[in-house]
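Should a chain be cited, it is by its letter among A, B, C and D, assigned in written order, with residues numbered from 1 in that chain.
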Amino acid sequence: MMPQQILKPELAWQGMVPLLMLAGLFVFHFLIEILRAPKSRTTGGFWTLLVSLLGVVYLTACPDQPVGAVVHKMWIYDGVTRLGSLLVFLSLAAVTLIIPKSVEESGHLGEYYALLSGAALGMVMLMGSNNLLVTFLALELFSLALYLLCIFLPDRSTSQESGLKYFILSSLASAVILYGMALIYGATGSTWLHEIGARASQGGLLMIVGSTLLAAGLAFKVSAVPFHVWTPDVYQGAPTPVTAFMSVATKTAALVALLRFFPMTLGMAGDTHDGVRTMWAIIIWSLAMLSMLFGNLMALSQTNLKRLLAYSGIAQAGYLLGAIFMGTPIAKVSLFYYLLVYLCMNVGAFVVVAALEEVDESLDVHALAGLSMRQPYLAAALAVFLFSLTGLPPTAGFVAKYQLFSALMASGPNPLPKYLVAAALVGSLMSAGYYLRFVVQAYGLGPAPEPHKQIPPTYLAVIATAVVAVFALSFWAGPVLEWMQRLLGT
Amino acid sequence: MIFAAKCVMALLAVVSAFGVALSRQAVHSALFLTCNLLCVAVLYLLMSLHFLGAAQLLVYAGAIMVVFLFAVTVLAPEDELLGKWNDPQRLAGVAVGAVLGAFLLLANSTAPLLDLSSPDFGSLKQFASELFGKYVFPFEGTAFVLLVALVGVVLLGHRRLRDLDRGGPSRD
Amino acid sequence: MTEGMITLGLSAVLFAIGSVGVAIRRNPLIMFMCIELMLNSANLALATFSRYYSRVPETLPDSIELASSTDLGSATDGAVFVFLVMTIAAAEAVVGLAIIIAIFRTHKQVDADELAELKG
Amino acid sequence: MDTIWLVLALPLLGSLLCATHYRTLGKAATGMVASLAILGAFVASVQTAYQVQLRHEFTAHLSSWLHIPGISGLDFAALADPLSATMLCTVTGVAFLIHCFSMGYMADEEDYGRFFASLNLFVATMVLLVMANNLALMLVGWGGVGYASYSLIGFYRQKPSAVSAARKAFLINVVGDVALMFAIFIIATHCSTLEFKAFLQPDKLDLLGGDLILAGLCLMVGAYAKSAQLPLHTWLPDAMEGPTPVSALIHAATMVTAGVYLMVRCAPLFRFVHGQELLPMADDLNVIMMRFGAATALLAALCAIAQNDLKRILAYSTMSQLGYMFMAAGAGAYGAAIFHLVTHAFFKALLFLTAGVVIHALHGEQDIRKMGGLGKKMVGVQLAFLIGSLALAGIPPLAGFFSKESILLGVFGDGKSVEHELLWAVGILTALLTSYYTGRAYVLTFWAPAQHEGKLHYPSSSMTWPLAVLALATVAAGFGGHDLIQSIQGQAPPEESFGGLQLTALAVGVVGLGVAYSTHRSGRQRLVPEGADPYLRGCEAIDGLTKSLAASFRGFADKVAIKLDPVVSQVCPDLVRRSMLSTSTLLCQLQSGSLRLYSFTVLTSSTLLVLVVYFLSRFISGGGGQ
């Protein structure tokens, strides 16, 4: 065998721009904010916001066609990566604007921004990854950053507990994923997804077990039932902006990773009755089913708003897994549209939670009574977000659910997706119960208005943007869907 | 000869792994882990993966274990009461582990393994040309993982000094 | 039994022992050690596959076009994978121990069963 | 964006302003805002009509609306063609005059803001209904009109009769909405488009096959509910509980014509020509439409004779005239139907507004037997009512004559079929009755000896000038008929010389008026004996029938409900709720917070997944191998 030459990487900078932006931001924070520790604490936030908005602009407005594979096909920049990165940048921008007092007083704002941008870097890297090694690396990169963000508040024992639980369980999932990857490498002899996809059907039992372990690990990151156990505790204990970021960006990244594995690695064997592919589909289907039913069921008895949102996130993950299961072009479009809408409503809801914490409101359902009199704007925004999460008509949540369900219904004779729709409808019915309970409480009678406590203006800005987006995405659903369709090249 | 050595090392590795999982004292676990990692390093060397063996010795058995032992000595955790052997949760855990292991063994036994490697397999030269050629992207990415770890240590370590000034953090 | 099967079988056994440890221990520090054991066992499997590299015979249906004409997968993949995973595991160990130390400092003694302020 | 969207946007904006800023604006400004919004809409409509003249028809596309896989044409798009332009101009024009009238009429009301907000909202929804370029968007307007009329009929919230009338109108409208929705489902599933221009093509209609008749019937039921045709007419007379301008706007000029508009819009579906000849089933639909139209026209006219309430007389006459329009639509004389729709909008609005002035003057008295002697005291009003009455009775040269004449000619057709001749005869009979009851109302109100005392409440100028404009329009509108029919129908109406048919109609009108004058001049209150009343009130009998049907159904439902309801509505949901909640609590108790349990769960789940997949793969490969 000839000794191999050192290959020069064929770099396509255009596709790397989102990665480079975040990497630059991370290094900037590391060098300037942490090592130099300047007096002014606002510059870090400013630069993070600027870069994330620039990224949003680049990803939406950049007219170029998808660039394709980068650096020995390690990383792929296509419509999927682009839309996923857009969602991560958007949530990064939103989270940058909401800095709770407790984080600000910790005196580690530089680290906070650095870890946020590091996590975003990992997520973007994961979504474009075309190699098992890069996938693992990216998973670890954002997981490490998120452990540290969860444990960020030193004075709150809940924050510490949240960080420890996330760390132990997520490392466990990483180990499971790594073993799955090892088996897949052993079965196919390659770590590149497209090569694995081409050889998957010859992989035999090794490939089946390996991909199952991989699916289990990714299901953990998506927080699908029964790998959801960490979600409520970690979400509740972590600082609220971090929870918002995790609930949307992590889910997006892990779902996109699943999307890449699903058709590329394991679905390329054509329409032959291929064992691996069927297995994978059955796994995703059952995860989706369980998440929809159990997520909604467990949310029913929740009394804490933040915890409720965690459980409802599990149920929403179920709906999204349904789209992954379908894997048709329409389903992909509806997946990304749902994710975009989910970003608006879920981040919105969590910002409302953060704002409630800032004005020392309790998050308990009974203590929410009369919120509409104490904080009329927050109550109204909360109502809008919860309505949208329920999927009630004038909001984008309805359109998103409608798109998703119609994509699932367009499955021809296959009955499996239709069971998913039935479960999702039952789940939505249940979800109406627990979401509306909070709205009704907020608009019910309660303690007389106390003197107004000021909500930071950035919070209000994020909430207002999210409310507008929830309605705008419903009224202009058509153009947005068309745009996504064009990007995904379907 | 190599076969026999591998068998011995594997046996040693299994024993030390049980030691990690079942020792009452954390420090014993840490020492067993070191032993296990050393066994694995030797196995790498026996498989003529010389560089990996060296890296395992340096990175794992060397650096990481020092950190573990340091943590154990600093924290000095009390001995864990392992409880009775028929604690249901413990039995369930062992059962699940056994089933998982059995299935992994079953899957692994179907693996196609061929000893076709070239004479220079595992050489540093080939390894390096791959690492800095094809794998330059994840190689750079690893740098960011390390940076994040660094930030984390700065965050948690820096806080400790501040906390000591304030007389320790409150519980809530 | 080929020589490779020894290490491959060992990696499965080590993974199982590690998972048993995670499932039954209550000290987070030891839980984490068991997770390191699992990562190490995965590394061992990767190294074995790399050493006893075998390419799946390429009997592809005609309908499938490979995305690239040049093959990317090779025996060295596994070795590089192992090396980078070691590095990542080191980073994870550092962060994990920092987290565990931070918690031990406030709680003095940490029991995975009793650290349950968040539940329900 | 085309100006046509202004026709929709301005009333919507006006409605929002009136609803939210009534307190800051004050009464006068609120009325002005509302009227100006409609005036703007009218100007935009005229502009649109002009554009249609220039560019022929066009579609103004705003944005896409719903994405339903496999069904196209669900957009926010407006269709501008002669039909919709005519409708828009009529609706907004009449609505503007009525808004101005209302400013005077409603001046004493408390809820001025709510009134104008609802009125503007009504115009907006009606405009949406007219300009929609697909059935789905039309349904939005269709339902919106129903809601707006509900809020306007029930405007006097404190009056129980008004509330129940509003509820009745709403219910019957909902029947129509549901029917229209069914029609939409049928058409969407077969033709996979809802755009008028697309699904009304012969090749698309071919796809409907046997369901054509079903779709047509559903459309007709929808139209009948909205246009108060037999047997869904019962809400219209009751709707007179609303304020008089509302009656003028909704129940004369605009909303009730929506059904006619729908029929004309979907004309190809009823005229469905396959090859060259009319399909038998499309023909069936047309026959049904003509017969029901004739029956409605005749029965409503009979009923009007027996009425004493001025507004109810007008309401029944509206029903009767709508019957004419449906007759015309059934006979294929769409141009005539729309022509009569326009002229009827003018003269019926005129009549209603004049009636409103009279009622206003007499402090709310609506019974014509207690009126009389107003002719000398209110000369202008009397003149306006006279013009309206003559138009309704079909006396040339007023607009009503021409439009009614074109309908009768259209129904008579070539006069070769007995059916058509019979229907024509019914039309003539109805015309006779019409001129009689119109004359009766006019004579009893203005020329019979006065039956009331006290001071009259004279109208303000803002109430009188709209009357003048409408009277002028009534006089003039008849002369545009030829062009209108041509642009709607796409071909010139058949040239008819002034012959026997026209003479008969004219004679009938004069005779009816003459009889009315000679009988009621002296103050005699009735011509027909009271014993005949039950027979004349056949229309109202249907109301009674539906009421008793509803009552018996309710009785049955009550009985069932007493037994079943506690089970269905309390025990079962409670059981479900409780079991779900307890399951939920149980599941959440598993979430015990113990890290060890969590890691155990994750591992167990992974193992289970591996197990399941292993056995399934054995199963599948075993099954696949055989």
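Everything below uses one rule, namely that a contact is a pair of C-beta atoms (placed from the backbone, for glycine too) under 8 Å apart; a residue touches a chain by one contact, two chains touch by 3 or more.
Just so we're clear, the structure is a prediction, and the values are computed from it rather than from any experiment.
S.K.: Moving only between chains that touch, what is the shortest number of steps from subunit A to subunit B?
M.R.: Counted as steps through touching chains, the separation is 1.
S.K.: Mind checking the centre-to-centre distance between subunit A and subunit D? Centres are C-alpha means, answer in whole Å.
M.R.: Here the centre of subunit D sits 50 Å away from the centre of subunit A.
S.K.: Counting in whole Å, what is the centre-to-centre distance of subunit B and subunit C, each centre being its mean C-alpha position?
M.R.: One centre to the other, that is 8 Å.
S.K.: Counting in whole Å, what is the centre-to-centre distance of subunit C and subunit D, each centre being its mean C-alpha position?
M.R.: Going by mean C-alpha positions, subunit C sits 72 Å from subunit D.
S.K.: Return the distance between the CA-based centres of subunit B and subunit D, expressed in whole Å.
M.R.: For subunit B versus subunit D, the centre distance works out to 79 Å.
S.K.: Would you please write down the residue numbers of subunit C that are in contact with two or more other chains?
M.R.: 11, 15, 18-19, 22-26, 28, 31, 43, 45, 48-49, 53-54, 56, 72, 77, 80, 84, 88, 91-92, 95, 99-100, 102, 106, 110, 112, 115-120
S.K.: Got the subunit D residues that touch at least 2 other chains?
M.R.: 588, 591, 593, 595-597, 599-600, 603, 606, 610, 614
S.K.: Which residues belonging to subunit B are in contact with no fewer than two other chains?
M.R.: Those would be 89, 92-93, 96-97, 100, 103-104, 106-108, 111, 126, 130, 134-135, 138, 142, 145, 148-149, 152, 156, 159, 163, 169, 171.
S.K.: Classify the inter-chain contact topology: is it line, ring, star, complete, or other?
M.R.: It is complete, because no pair of chains fails to touch.
S.K.: Which residues of subunit B touch subunit C in their complex?
M.R.: Those in contact with subunit C are residues 2-3, 6-7, 10, 13-14, 17-18, 20-23, 26, 29-30, 33, 36-37, 40, 43-44, 47-49, 51-52, 55-56, 59-60, 63-64, 67-68, 71-72, 74-75, 77-78, 80, 89-90, 92-94, 96-98, 100-102, 104-105, 107-109, 111-117, 121-122, 126-127, 130-131, 134-135, 138-139, 142, 145-146, 148-149, 152-153, 156-157, 159-160, 163, 168-169, 171.
S.K.: Please give the residue numbers of subunit D that touch subunit C in the complex, ascending.
M.R.: By the definition above, subunit D touches subunit C via 588-589, 591-597, 599-600, 603.
S.K.: Which bits of subunit D are touching subunit B when the two form their complex?
M.R.: My answer: residues 596-597, 600, 603-604, 606-607, 610-611, 614.
S.K.: Show me the residue ranges of subunit D that touch subunit A in the complex, using the header's touch definition.
M.R.: 63-65, 67-69, 577, 580-581, 583-585, 587-588, 591, 593, 595, 597-599, 601-603, 605-606, 609-610, 613-614, 616-617, 620-621, 624
S.K.: What part of subunit B is in contact with subunit A in the complex they form?
M.R.: Residues 103-104, 106-108, 110-111, 118, 120, 125-126, 129-130, 132-138, 141-142, 144-145, 147-152, 154-156, 158-159, 162-163, 169-172.
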